[in-house]
């Protein structure tokens, strides 16, 4: 019997981390053949070179596509997507996959969705149906309308996809595959690696044995002109505290320059004797780091998803995760140094929050692979109302 | 006061015809400045050079963008869209419009929608919310999820857009602007031009004074491999009749080659002494032609919209207009020469159908311009559920 | 030992015919691995789908790239080249060839040359150093300045490449590989196939047993606005004669529409009872056809090259082959129906011209493969003066 | 009388500085209209945002084109060029210039040259005919073969362009327009601005009153894997001295990341108490800075051109300026910290070199504008041998 060819397009480091267990499950499934395509910021050093981790993890890469246009403004984001369509179409034409899989809602994932759906290749979308209230949301729901199969991360997300007029027979709440990895490391009660030694980075090397904070704050596309001001509030709050802190650079997006410049410039003119900066970290290690931390500060979706499952407290800043379903581990605050600082104090004093399975129970990768192997191939659909 | 700059992107001859009254109303509105962008097949001779009509109608063109990739297959359609995004982003960056308007659901209109929405330019969509059941539908609803304002052509379409999670305050049933033109010519009770003389074309020149049929059949994207077979059924049905017939070539789409080749090859080997072939016709003249015909055969949306308003009978073939709201002027048939022929006979014998305002009453252009001038500028939205 | 990977990019039907023996020799060479990339008009039905012949001839295709932008004007030619660079760079990045080979001087071959040279991949150019006096010449010599190895078709061409400042150690007169095929069929003294049956086509089917003419006339890029007028002169000359004629459609180029439209329109309104039209023909068969014909009319380079070797008389019309080295088989004429007709009469009456080896002796494919296997890999060069 | 429309494409900060006097002369010429197009790294903050200087200098911008693909590797350089062609063709199609001007030999200038020449727009090339021995040279001579007019910077360069087969009637030694600016500031015997205050930057602020060095070292395309090592030698040499030094970041090129990372990492781990780093400086100020310095270290072409005219001594490192014509102000050294340090000592002790007019006398801008206004429009050429 011929194996179904499943093309998965990875365009960023966090997307790779999120679906690694899906890739592994596809690779191990006897009825599936994985065609892994690595594109966009996943190929770029400045954004953590996901491609290196992918190769280290033993995945064969079927094609690489450089398509990030410089500028880090909105025009460049649009053009990056255009180039992506142009080139992914050629890649799909040459690889002839049976199903294409696209992940989440980064702007350039639209390229995968347009190419596949226009070429009548059945399109599977992981993580549709969520609500965030920014450009990601336009992208996410538009992709839902282009996709033929939907693998959502929560029950509410599944409901929304169905409300969007999708046939319920093709909408599955598999949970988020990122939880699969969290479930593997959940039992580790201490750091099993030295972050400074393993990941380098710059800045101070505070002692981590008495607890530490983790910061990860990305620019918000619809507010990109303010990204430098926004990061400034967080920097000021952290600088005023004396708690060991591990800070991660943002990933590529319109506005990353504002965020990056803000951090760089603050470092030039301020003492940050208790802060270390990392460019990136392997997903597993990052989860272990969080699992053993005092809590996460910023606006990463990891705070909403994996941290809910792990029971790690989170100070969530600003609008980026607005309206995403939450466990009870999250304190939401504004871009405001005082509010951020106060919440951190509160977080450290309070008890650990209860873990929650709102984003799944740890078996998403295998479930998705199983569905990809058996679902009827379809690319012709109509709205249900 | 500064005028609002309204960029409208026209990518095909039928789209131009459809929104001509909108363009005129924008141009005449004291609070608006029209930035007309002509792209894709609207620039190509093979597809009727809409650009020539646009210039003849006195519209100034702000930018032209050639982006149709050859191949007339699905890969080429995807790549055409990618190039469109790449280039329209530059055009928008240079023209800096306040609002971008995109029309209907042709595959390449997605380029307009992605560029504008990614660049945080408020996006207006004309003709969302319709149901057709093919790739156009994926495109149409995906654009709805990217758009900030919606001008639908019918009440049912407006309802669907709202169900898709759009804020009802920004969804307006203006009717279809194509009906504006139909309303202008409705009273003409005879042809006011000689089609052979004015539009050339090839083939026989049957006498039109005792009634004639009009044929316009486009390939269907999701069935493009069968486009040659499908057109063959219609050709056979028409060849077997002895009724004067005016036949129009299809517009650009994956599969146009199949349809075109089918027609060309049939002509080489068959007598078609009662059929004349046209490459294209100005929208007004085409409506006058329909208004005085025995009926329209094929799968053009003109049969569903303008012909409903005018009360012209239509034999609608195949799946292309599936589920579109209909007046009572339409007989639906399969790709089957016998069924087509039988229906034509029936159509000719029966009385004229009642006109219907299901697609609007003739004032859409001005209504849309009025809304564009006054609606709050917004590009940030969230799903309503 | 690792085989050297040799990427050859084929962008048009005539280029494929020209280098088929090179491809075969690379494939058969123990030290080489062929990476065949098929792009541009070589993939398009309208231009003879070289890709079908390539597959029929048993070559494996490593990648296909659709990059022809519609418009058939000069803007489209430029954009086709830009898309070609964008996509071929990705293909080269993924295939990692040791040497890239580009053929001749069609506009889109510049894409191959820019991608390879910019990526520091040694670039071999087949057929540099010729003189024609139109845009092809700008392209051809610019590619020479980007290329690292040069395989010219004649001694004079080799001299010119050296004068252009190229290191003589890397400039080789191998002769033109198209002559290799001519040498294989030279001895056939009669048609070994029925052209009507094997290649279809349209029009009359004149009896070929008492001699026939072959016509192949392409538009000239720098004169593309006149292409319809130019083809009209040839059509008029042929129409006025009563000699069986086999006519071939032009290949893709700015202006092909003018030429094609000219032919199509002439056929609608004129009797051409002695002319048959072909879309394309396999290279070998075409040479057999020429070898048994009364002569070739038009502006194809086949008339200058293969016909010189075969001793087939040629009426060469207009500027397209200006200044190309000639054997004594060529009569040059202007775009003028009378001059064309007169020359045809003269040609038919006179004796067959002497064959000439000005474009090589029939071993170019193997010579080129041998050089590709042994030449020092280099991409760093400097002008010699 | 209609003015001739002259489109000039600026793709990088140094190119802008180089041709500023040409732009001004075109703007002031009664028979010319300037169409200024700003593209590539000239729009990017990371590379000094030439666009800001252009606007500050009062030039109106006809179109902006973002086309730099991220990656800073050779694949990205090729793709940047492809996107440039795709988009510049649209810009030229819309602006319809009479002549297009391209500057020098950066990789992306090929996009300007291909678009213009393919579209039959007469192409003028400033600064052809020079010899450097790297990829720039392939680009430069290929552009010469695409160009219709040549404005060279030296007599030797003019001779080479003629040897390349160009018609001598269209090859003019106008001198380099960068010398025009040097001639304006030559008489200033002291700094007329405070570089720290006016240009910010980071690092120490050494006292400049007793003399200072200037460093500007770019990566070399063909050696880009070594760019970090190469910059390391220069950093070590400068670190070991105790001479006030003003260091400029490199411009965009494959390998800029190596150079930039090298500088950044050296700064993290070394004391550089006498070195200040600038991102960029306006051209005039930079020349004043050089004119009052002890000398320039690095591989910038400014050292070869303007410094020759001004009589400023230069330590030229590595292969980047290989074979460029020199005045007697240049000491050539290898990538070697000792050799660099020794040469600096020698340079400081010796007398100032004699100024030289090898790159022109200061009137290039006006000469070029005059030629653009009067030269016969042509795009059809043939090689002279």
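Structure notes:
Order of writing sets the chain letters: A, B, C and D. Residues in each chain are counted from 1.
Methods note: a contact is a pair of C-beta atoms (placed from the backbone, for glycine too) under 8 Å apart; a residue touches a chain by one contact, two chains touch by 3 or more.
All of these numbers come straight from a predicted model, not from anything done at the bench.
Touching subunit A and subunit D at once are the following chains: B, C.
Between the chain pairs A-B and B-D, more C-beta pairs are in contact across A-B.
Centre to centre, using the average C-alpha position, subunit B and subunit D are separated by 51 Å. Separating the centre of subunit A from that of subunit B, both taken as means of CA atoms, is a distance of 40 Å. Among all residues of subunit D, those that touch two or more other chains are 66, 75, 79, 83, 86-87, 90, 93. The touch graph of these protein chains is complete, with an edge between every pair of chains. By the touch criterion stated above, subunit A contacts subunit D in their complex at residues 43-46, 66-71, 75-76, 79, 83, 202, 257, 268. Interface of subunit A with subunit C (complex): residues 63-66, 83, 86-87, 90-91, 93-94. Contacts from subunit A toward subunit B in the complex involve residues 74-75, 77-79, 81-87, 89-90, 92-93, 107, 110-111, 114-115, 117-120, 131-135, 137-138, 141-146, 160, 163-165, 222, 322-323, 379-383, 385.
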